[in-house]
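Some structures are shown below for you to check.
Two complexes, one shared chain (chain A), two partners (chain B, chain C).
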Partner chain A sequence: MAEADSSSEELYDETNWVLYKYRVDWKDVTPVPQDDGPYPIVAIVYSEKFQDIYDYFRAVLKSSEKSERALQLTKDALDLNPANYTVWQYRREILKHLNKDLIPELQYVKEMIEDNPKNYQVWHHRRIIVEWLQDPAYELSLTETILSQDSKNYHAWQHRQWIIRTFKLFQNELQYVNQLLDEDVRNNSAWNQRYFVINNTTGFKPDVVQQELMFTLDKIKTVSNNESAWNYLRGVLLHHDGGISQDQNVRQVCEELYSSGNRSPFLLAFLVDMCEENMERDDGDKEESLRRALQLCDVLANEYDTIRREYWNYMARSLAQRMDCPEREATGSTKTD
Partner chain B sequence: MPACDNSDVLARKQHIKYFQRFLNLLPRRLSSYDSTRLTIAFFAISGLDILNALDVLDEKKKRLIIDWIYRLQVVPDGSEPSWKRCGFQGSSTLIFPPDETKCSPLYECGHLAMTYTGLASLVILGDDLSRVYRAAIIEGVKALQQEDGSFCATLAGSESDMRFLYCAACICYILNDWSGMNIEKTMDYIVRSMSYDYGIAQAPELESHGGTTFCAVATLALMNQLNTCFTNKQLDGLRRWGLARQISGFQGRPNKPVDTCYSFWLGAVLKILGVFEMIDYQQNKNFILSTQDSIVGGLSKWVDTTPDPLHTYMGLCGLSLMKIEGLLEVHPALNVSQRAHQHLYKLHKVWENN
Partner chain C sequence: MATLMKDIILSSSHPKELLLQKHADFISSYGVNKDEYEYCMTEYLRMSGVYWGLTAMELIGNLERINKQEILEFIKLCQDDAGGIGASVGHDPHLLYTLSAVQILSMYDALDIVNVDRLVQYVKSLQQPDGSFCGDKWGEVDTRFSFCAVACLSLLGKLEEIDVEKAVEFVVSCMNFDGGFGSRPGSESHAGLIYCCLGMLSITGHLHYVDADLLGWWLCERQLPSGGLNGRPEKLPDVCYSWWVLASLRILGRLHWIRRESLVTFVLACQDPETGGFSDRPGDLPDPFHTIFGLAALSLLGEPAIKPVNPTYCMPQHVVDRLGLRPQKLTL
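For the complex of A and B:
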């Protein structure tokens, strides 16, 4: 077939398609049929086109032919099954062998990614080609395109983190994260990316911790029923000497939200954990902290987070128990914090 | 209990038929399953087992399936380097008739997900694994571990991550031989993949995810290293993160929609961590059953979407964790029935005495 560059729509047009076995330029190759044994399980009713292409792919693999026509054959094979990792691997070997210009390959794999954004093999191929090129120029925009269609696509985030880490492209990433959070403050992937950026740039130094707490509290004040923001807040506080309960700003915002009648289960859970921490502090009012924690667990279990009723009841029991005999905690594990 | 309408009842018979159809023949629109036919076979075989309906396959049929699976085994050719390629392939697409193998041996190699599901299927079918090249397969597993502790799927070119680390652990567990992995490195990779929210990601610094959290926690359970790997604080955080994923059924990440398969992935995590009883059974069950097609069988990811073998199998396993009547209990870490796990245990005893 002459139209090597024809679009995939045309390729799928069965009326225009010429089977490999009828192609003059493939006459010298003997196709190798699939050997599925006497009793195939999960047999697939392959189309004639599928069978034909893979018969020729097996033949090429067998003879180790690495040619232009074999390269085109891998493309046809991948159109029918982009999950066949061996075809991708063989395609890479042909590219290497023919010393092909890799820029058109980037374009090809971009199209494949756009058609199959949740396929592992296409992203892996992309990564290898970028590794060969040692050029990340197109990667941020590619992942942005994919994330604009599905802002939580795990493959795109994984690729993006790899690119940013490998080629030190942290510079504008926080800006991108902010943009995504402006679009959807519940985008957990974006919050995770924020942690990734800070952790690999400034690190969570005291002033950065303060800055991140302010940022997050601000988002929580706007939308409090957002687990992602609360989780990030806890993540930042992992780097705070005072744990989760000693930061003035955090305490103030939480208490204000509570006083104003906010009963987001994430707020209440956070308050429980603050009480728990206070119970363990020497200067804390243990009785009062326990009393409040039990009251919060009770409303979580019975009003605001009833799907986790058993958990909050369990939390209440274990907090009360700990007050009775504090040395009982940290059993059952050989590791301590 | 609400009145007994159809969606409250598990359409057991229809699901049995659904799996039987997948074991036999797939339509051409499912051609993209071509390289992973063995995993589809696993979902169907293990699914029938969980439905306590393995007897719909008679002895002859079971033997034929077993033989088909063994045909997918890449066997060593006597030279030591060839052991690295051993394992199972996902289909016969790239298997060449024996005496004709002139193609580079590089292309005939096992794939960890296929080796795991292949071995598990054999165990479920009651095979004694006597035709498995155990030592070679373990070499094959070993060859795929990366410097950072994660695993690639195959020497024929693949990414490396938590999924294949889990598959590697299952293979070592089934073959009762942990020399296939560096346990220290494996644990290090898992610890480094725990996120600030205590869930576990595909790789360090990525977003925590229900599927990869399962892979990590189940691996530690199979290695019996749960308590040595994580601190109490981390385990408590992990429990809370897992429980927080229940919305009605379970979601895989915060602020994502619920999806049938997470009733197993997260259910199993919570079971292994000893807090499964704290979930809301009724809501979980209602969600799973709402995704079943009670006419043609099968369960899907979401309500009113097309069923597929993975979601059908995972949905049933999610129900099985709650000990729903009529279903066999699932082993949460190995993801086969407890009955199949018992059979495996007996095989291990036999091997130990040899």
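For the complex of A and C:
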């Protein structure tokens, strides 16, 4: 095999790879093979390239060599396995030690994220580099690129929330959320982000609550069998003085959907909760609320949501019980083992 | 309007019986007959891989097929001077692998082969002022690590070494409007992280913070027409969520809210009838991760051929009993 006389990256492309053990500029390093102890757990058969790179990685780790060539070596090691957190940690130590320009590192980790969008280590490396730089300029667009391929990628959302919170970038976020909901109204991550933004900016003040109710009801009217939208509706109503049952608009939309024949389990479930709340209010017709709630639980259990029959039967029992002894809360019946 | 739902369709060709012996063969040969690429690629999580494999073997009564001495020597070599344990020899210590190692050692009743005092100090050093835990010295914070820390210390009988109240406070701050939990405050509810948070609250005896009916409902909403469970709304079912959702429901005392028979059918369909082992979905390649969670889920669902599993620790119940641990559970 031809010996290499330079460590330049271009020399070692896919077709032209030279093992580290044949490289002149690594002649001074003695590779360190993997040692799983006296009883290797399994017979290890590394590929030659993998073994070569990691033997040299272990060698630089052992000698604490923090050099340009060691930096390049970590890149080769990460190309083979981007989940190896020890290599990432050592790469950061080298970056610090050499006081490297971090902008090219951002570009590098961006490529790694694009290739491995569900890998914890690449995202964490990104965060640390951004923390070192104290510059969030590229983060929104990076996460948007990733979310355009998988709109529920948990790592991307986590990174985006961190960036937005840390660098106060809430300004255009609702717009982005709206765009995602226009693309897919069932995107639970986008609904969650909506809550995150409002909770950290205006808060759920009465006028914001009204605006959010209108927004959500509108989405529910278009697609009613949407768990995420109904959950968000409940989330908003946590901030409503009238609970979930007293808002005129909410009641109206729900009753209209029901009258029009809509039997989405989420609609019916919501009506059950409205009845439950009415039962607890002094001015409500308790008997009628209970009757309706039990009827809804019955059709949910036996017709519209049969897979969760046990849950609806439980709800029915617990509502009926509460009517008998009203001081008991639903969760009050939960005991510790 | 049409109901669109992400799900899979089970065909009649998928396995319907539990292939116990094949699973034992799959685990015991894993790492021997596997191709080299896969082995290299999983080195960074080897300690957890060993925990998954051993727990699976113990649950199906085949642990004696594993060479205990080899495993103990390996774990010993993975502990670094600071006390933490890495995924493999020469890897940096991490809370994830420290917990896996402590789980294995608890199962083997061999905690004395590592330096427990240092290990406890390591876990303690990762707690942050807000009560959260980092996974390692590089500071990634996540509710997974809150679970790892308290699970690890409770197995060692050293829970009092950390600020438990603060740790609970952080986990509770990750509770969402839908009753679930995410990785950090504001992060979306996710069944895997709900399991970690409930497990953490179960070990520390703080389940009263949870709205058990609301969260129980969210969790049983994860069941799809195929019988399988997903981890978030509008995601595909996956065997690993059979464990995380089911264990969470068991901790909440609401396991019966899902439809047992159809989940059993889904989990059994994820077995590989040739090699043994479970995959994420029917027809995909099996691995030890999905194998332990498939077996543990079937155990929770009452499969008599599998030993009882503890829902909080994902360890054989008899081991948790031997250690005298009684993690909190709710009952209806």
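Observations on the model:
Heads up, the rule we're going with is that the second predicted complex is superposed on the first by the 308 of 337 C-alpha atoms of A that agree within 3 Å, B and C clash if a C-alpha of one lies under 4 Å from a C-alpha of the other, contacts with A are read in each partner's own complex, and residues count from 1 in each chain.
FYI, a contact is a pair of C-beta atoms (placed from the backbone, for glycine too) under 8 Å apart; a residue touches a chain by one contact, two chains touch by 3 or more.
This one's a predicted model, so the numbers in the text were calculated from it and none came from an experiment.
Steric overlap between chain B and chain C is present once the structures are superposed on chain A. By the document's definition of touching, both partners, chain B and chain C, reach A:157. Applying the stated contact rule after C-alpha superposition, one finds that A:47 touches each of chain B and chain C.
Once the two complexes are laid over each other on the shared chain, residue contacts for A:24 go to neither chain B nor chain C. After overlaying the two complexes on the shared chain, residue contacts for A:64 are found with chain B alone; chain C is out of touch. After overlaying the two complexes on the shared chain, residue contacts for A:223 are found with chain C alone; chain B is out of touch.
Touched by chain B in one complex and by chain C in the other are residues 34-37, 39-47, 50, 58, 61, 80-81, 83-86, 89, 92, 120, 124, 127-128, 152, 154, 157-158, 161, 186-189, 192, 195-196, 199-200, 227-228, 231-232, 234-235, 238, 307-311, 314, 330, 333-337 of chain A. Of all residues in chain A, those touching chain B in their complex are 32, 34-37, 39-47, 50, 54, 58, 61-64, 80-86, 88-90, 92, 120-121, 123-124, 127-128, 152, 154, 157-158, 161, 186-189, 192, 195-196, 199-200, 226-228, 231-232, 234-235, 238, 306-311, 314, 329-330, 332-337. Interface residues of chain C facing chain A in the complex, by the touch rule stated above, are 1, 3-4, 31-32, 34, 36-37, 39-41, 43-46, 50, 67, 69-71, 73-74, 76-77, 86-92, 94, 136, 138-140, 176-178, 182-184, 186-190, 207-208, 211-213, 216-218, 220-221, 223, 225, 232-235, 253-254, 256-259, 262, 328-332. Across the complex, chain C is touched by residues 34-47, 50, 58, 61, 80-81, 83-86, 89, 92, 120, 124, 127-128, 152, 154, 157-158, 161-162, 165, 186-189, 192, 195-196, 199-200, 223-225, 227-228, 231-232, 234-235, 238, 269, 307-311, 314, 318, 330-331, 333-337 of chain A. Within the complex, the chain B residues that touch chain A are 22-28, 30-38, 40-41, 44, 64-65, 67-69, 71, 92-97, 100, 102-104, 107, 111, 153-154, 156-159, 195-197, 202-203, 205-209, 227-228, 230-233, 235, 240, 243-244, 246-248, 253-256, 275, 277-280, 283.
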